[in-house]
Amino acid sequence: MRPGKLIPAVFGLLAVSFLLLPLLVILPLAFTSSLFLIYPIPSFSLRWFDVLVTNPVWRAAIVNSLIIGIGTTILSTVLGGLASLGLREKLRFVSAPLSTLFLLPMVVPAVVLGVGLQILYARFGLSSTYLGMIIAHTVIAIPLVMVSVTNSLQGMDSRLELAAASLGAGPAATLLHVTLPLAMPGILTGAVLAFAVSLDEVVLNIFLAGPGQRTIARQMFAELRDNISPAIAAAAFLFIAGTIVLMALVLLMRRRVGGTAS
Amino acid sequence: MMARLWNRRTRAFLLVMPMALFIAVFFVWPLVIMVKQSVSDTAVLQILPRTADEVAGWDRASPPSEAMQAALIADLRAATDEKAVGDMVRRLNSAQSGFRTLMSKTISAVAKPETGPLLAPVDKRWMQPPYWIAIADALEPRTDRYLLAAVDLERDATGDITQMPEGSSANRLIFGRTFWIAGLVTLFCVLIGYPYALLIAASTGTTRAILLAAVLLPLWTSLLVRTAAWFILLQEQGLINGFLLSTGVIASPLALIFNRTGVVIAMTHVLLPLMVLPIYSVLVTIPTNLMPAATSLGAHPLRAFVHVMLPLSLRGVVSGMLLVFMTAVGYYITPALVGGAGDQMISAIIAFYSTQTANWSMASALGMVLLAITLVLYVVYAQLSGRNSIGGRM
Amino acid sequence: MADFHIRLDGVTKTYGSLRVVDNLRLDIIRGEFLSLLGPSGSGKTTILMMLAGFQDASEGTIYVDGNMINDIPSHKRNMGVVFQSYALFPHMSVAQNVAFPLKMRGFGRSDIRERVERALDMVQLSTMKDRKPSQLSGGQQQRVALARALVFEPGVVLMDEPLGALDKQLREQMQLDIRELHARLGLTIVFVTHDQSEALTMSDRIAVFNKGRIEQIDTPRMIYDHPATRFVAEFIGETNLMEGEIAGREGDEAMVRLSDGCMMRVRARDGLERGAKVLVTIRPEKVELSDPPAAANSFPVTVSDTIYQGDHFRVQLQGAGQRFIARRDRRAAEWPQGARLHATFAADDCWVIAP
C-alpha cells in the first residue's frame, strides 16, 4: 500500500479501537468468577448477575432506577410532546425564545442545576423523594424529547394535516389519526432517550436523592469509588444490552409505523 | 375569522403551557434562587430581626442605645435553632474577632430571666461601637463576599477589594485547572476528531458505516459504563499495564489512573463524539469535487487542503471545540472517578460546598461563575452553528 | 340570480404589505369546471386555500350556496381537495386513505366498505387497496387522492396542480379521465394550474390571474381567440403583437395605422375611437405566407429562420419594422433564410386590445 493510503488506514484503525475497545473490554468481566474487576478471567460464572438480583442494595438500586426512569420518561415525553406540537404555531417573539429556553437544560452544567434544585427542594420538601428525582431528571431529559419530536414534526408534510381537515377531520381527530401516528417515531425516540438519560444520571442524584432513591448509576458510581467489584461490569452489561434492545425496539417501531417514503 | 385564529393560538398556548410552567418552576426558578443565594447573607438578619430595626437608626459612633440592647436580648431569647445561631456567630466572628466568646457568654446570660434590659452588666465590650458596627454590617442582606470569594477576593476593613491571603482559598487555582484540563481534552479531541471526521467524509459504503458506528456507539453508551471501562484499562493491574509489562516495554506498572493522564484520556474518549459529529456534519455539505478541482488547477494536495478544505470546514471545527470545551468545563463524574485529589475540577468543589458543608452561598457563587462561562460559550456556539443544533449531541 | 355555487366578494389576502389576492370578485357556476390559470405568485393557489378554509381572507366574503362560509372551519366545509403532491397519509393503506373521510363522518362499517370499493373501482385501483401509498406509482397515488376527495360526495372539488408531478403522457391521460369524471358526476371543480394547455383542455371556463387580479374569465375558446389584455394574449399560447392606432371604421372592420405607417384592417370592437392607441394581435398559425402579395392586409417580410418542430414549421420573419412568427404546415415549402415573402393577416383573425 502507498503511504498515502496506509497512514489514514492505520489512523482509522487506531481511532476506532480507541473508541470501541473500552466498551468491548468491560463486557466479558461481567461473567468473571473472580472477586476483582481485572483480567485475566479465571473462569466464567454468572455470580455477579446473581449479586445484582439478590444483594438488597443493588436490587433496590435497580427498582429505583426503573421507578425514576419510567416516571421521567412519561413526564418528559408528555410535556415535551405537547410543547413540540404547540410550538409549531410560530408567534413572533414567543416561539423562538421558548424553544431555546426548553433546550437550555442541556447546556447548563449538572452541578449548577443541582445546587439550584437543592435549595428549591429544601423549601418544598422535595429532597429525598421519588417525585423530586423524577422532576429533576425530567428537566434534563426535556431537551432531548423536544429535539426528536420537533425533528419528526418538521419532517412531516404539513399538507397531510390540511388534507385531513378537508376530509372532515376536526383538530382532535387530525391529531389522533394523522399527526400523532406520523410523529410517533420521534416521540418514541424521545422517550427512549429520556429513559436513557435518567438511567445514566448521577450528579443530580448525588445532590437531591436520599439513600432511598439510589439508582443503579449512583450505585455504580459509589462502587467505583469504594469497593470495585465485577458487579459493576454486570450492571454495565445490563446497561449496554438494555440500550441495544431499546434502540432495536425503536427501529422496529419506526419501520412498522412508516412505509414513509418521503 | 379572528375567532379561528384565536382558537389556533389558544390551542398552541394550552399545549405549550404545561412545559413552560414546568421549566419556569424547576429550571428557571432554581437558577434564580441560586443567583439570589450567591449574593445573599441572611445568617445574622434571620436571628436578629428586632436588632436590625433598632440598629437602622444608629449613628455608628455613639454608645449603643438602650433600645438596641433590649432588642438584641429579645432576639437572642427568641432564637431556638442552634445551628442557625452557630452560623450567625461564625459570620460575626469572621468580621470582628472576639465575637465567639462574647456571644456564648451573652447567650448563656440572656437565658437567665434577670438579665437585661442593659448589656453592660453582661460584658463591658457591648458598650464599644466596633461590635455593633460588625452587627450592623452583617445585617445587610445583600453581599458580594461570596462572589468575590469565588475568585479569591475579599473586602478589607476599609471596604476595598483585595486579594485573599495566600493559601486561604484555591478557587482561582481550581478554575485555572478546570480550563487547563478542558483545554487539553479539547486539543486531543480536535487532533483525533478532525482527521477522523475527514476520514468518515472521504470513505464510502461499509467503511463509512463502521467509522460512524464507532462514534455513535460510545455516545449511546452510559457515561458510567465508559468510565468504568477506562478503570479496567488504566488501573495498575489493568489491561494496558498488563500488555506493556508482558511485552517488556516497561518494567513496573505506569501510574495511569487517579492522575491527570487518566482524566484526560477518559474525558477525551467520552467527549470525542461531540467533536467528530459537528465537523462531520459540515464536511458532508462540502461538494466532493472541490479538492479534485483545486488539484486540477495545479495545487499540491496539501495546499489544496489548506486553502479549500480547511477554511470550509472551520465552522464545524470551531463548533466542535466549543461544544467539547463547554461540556468539559462542567464535568464532574469522570474526574471524580479516574482523577486524583489534584485533578478535581470546579464542579467537584461546588458539589463539596453543596452536599458536604451545606454552604449554599459559596456553592451558588461558584455555580454562578460556572454558569456564566458556560452560557457565554453556548451563545458563541449557537451563533456559529445555527439555533437548535445542539441536537448534534445525540 | 344565476345558479352560482360559490361567490367570492371583494376577497383580499395580504401578507404584510404584499397583496396576494386583490379585491377579487368571482362567481363559480354550479357544475362547471373552472380553471384558475396564472404564473406562480399570481394568487391562484391562495384563492384555493381560502376556499378550502386553510387560510383566512384578510377582507371580503366567501359564499357557498348563498351562505357565508368565512368562519366555517375547513373540516366542516365539505369540499374535496386534491393536493399537488397528493398528501396521502403514508401510514394508512389505500383503502384506509379513501375510508378516512367516511370514518370522520361516522358512516357505518359496511357502508364504508361498499363506498370505498365503489370509489376505487371508479379510479381502477380496486386491486391496490391494501397497499401503502409508497408502494404506488405517481399516477396511482394521484388516483387514490382523487378517489379520497370524491368518496364523500362533496359538492365542490378543489384541485391544486394535481397533475404537476406526472410525466407528460400520464398527465394527458389523467386530464381526460378527470374531464370524464367531471361530466359523469356533475361536480363543481375549481382547478389551479399554471399550464395553459392543461387549462384549455379541461375547463368550461378559465380565469387568468396576474398579480392577485383576474385579467380575464371566459371559455377557453374566447380566452385564446379574443384575449382581453396583453398579459392574457402573451400568457396563453404564442402571439404576434403590433402597435398602432385606430385610423377609422368601416362597418364590421376598423383601420389601424401601424407604427411604421402601414394600414391594416382588423375586426371592429365597440369603444374603439378614432385615434385610440391599440395593440393588434394575431396568432402565428393564422399568419398566411405567400410569394405574391394577397389582396389586402399584406406586408412584405423576410424569412430570418425556419425551425422544424415535427408537426409544423416555425418561421421567424422580419418586416414592417418588427419580428413576426408564423406557424406553417409541414407540407408547406421550406423557405430558405432571406427569402422575401408576403405575410397576410385576415381581418377576422386580427384582434385588437388596449396596449
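We call the chains A, B and C, going by the order they appear; numbering starts again at 1 in every chain.
Rule of thumb we're sticking to: contacts are C-beta pairs under 8 Å (C-beta built on N, C-alpha and C of every residue); 3 or more make two chains touch, one makes a residue touch a chain.
Predicted model only: the values in this text are computed from it and were never measured.
Colleague: Report the chain closest to the protein's overall CA mean, measuring from each chain's own CA mean.
Modeller: Central chain is A.
Colleague: If I average the CA coordinates per chain, which chain comes out farthest from chain B?
Modeller: Most remote chain from chain B, centroid-wise, comes out as C.
Colleague: Measuring centre to centre with CA averages, how many angstrom lie between chain A and chain C?
Modeller: Taking the average C-alpha coordinate of chain A and of chain C, the gap between them is 55 Å.
Colleague: With chain centres defined as C-alpha means, what is the inter-centre distance between chain B and chain C in Å?
Modeller: 67
Colleague: Mind checking the centre-to-centre distance between chain A and chain B? Centres are C-alpha means, answer in whole Å.
Modeller: Chain centroid spacing, chain A to chain B, equals 23 Å.
Colleague: Can you list the chain C residues in contact with two or more other chains?
Modeller: Within chain C, the residues that touch at least two other chains are 73.
Colleague: Touching chain B in the complex: which residues of chain A?
Modeller: 8, 11-12, 15-16, 18-23, 25-26, 29, 36-39, 78-80, 82-83, 85-89, 91, 96, 98-120, 135-136, 138-139, 142-144, 147-148, 150-151, 171, 193, 196, 199-200, 202-203, 206-207, 217, 220-221, 224-225, 228, 232-233, 236, 239-240, 243, 247
Colleague: Under the definition above, what is the set of chain C residues touching chain A in their complex?
Modeller: 52-54, 73-81, 83-85, 87-91, 100-101, 104-105, 132-135, 148-149, 152, 158
Colleague: Going by the contact rule set out above, which residues of chain A touch chain C in the complex?
Modeller: 157, 159-160, 162-170, 173-174, 177-178, 181-182, 257-261
Colleague: Considering only the defined contacts, which chain B positions touch chain A in the complex?
Modeller: 8-9, 11-20, 22-23, 26-34, 37, 192, 195-196, 199, 202, 210-211, 214-215, 217-218, 220-233, 235, 237-239, 242, 269, 272-273, 326, 329-330, 332-333, 336-337, 347, 350-351, 354-355, 360, 363-364, 367, 370-371, 374-375, 378, 382, 387-388, 390-391, 393-394
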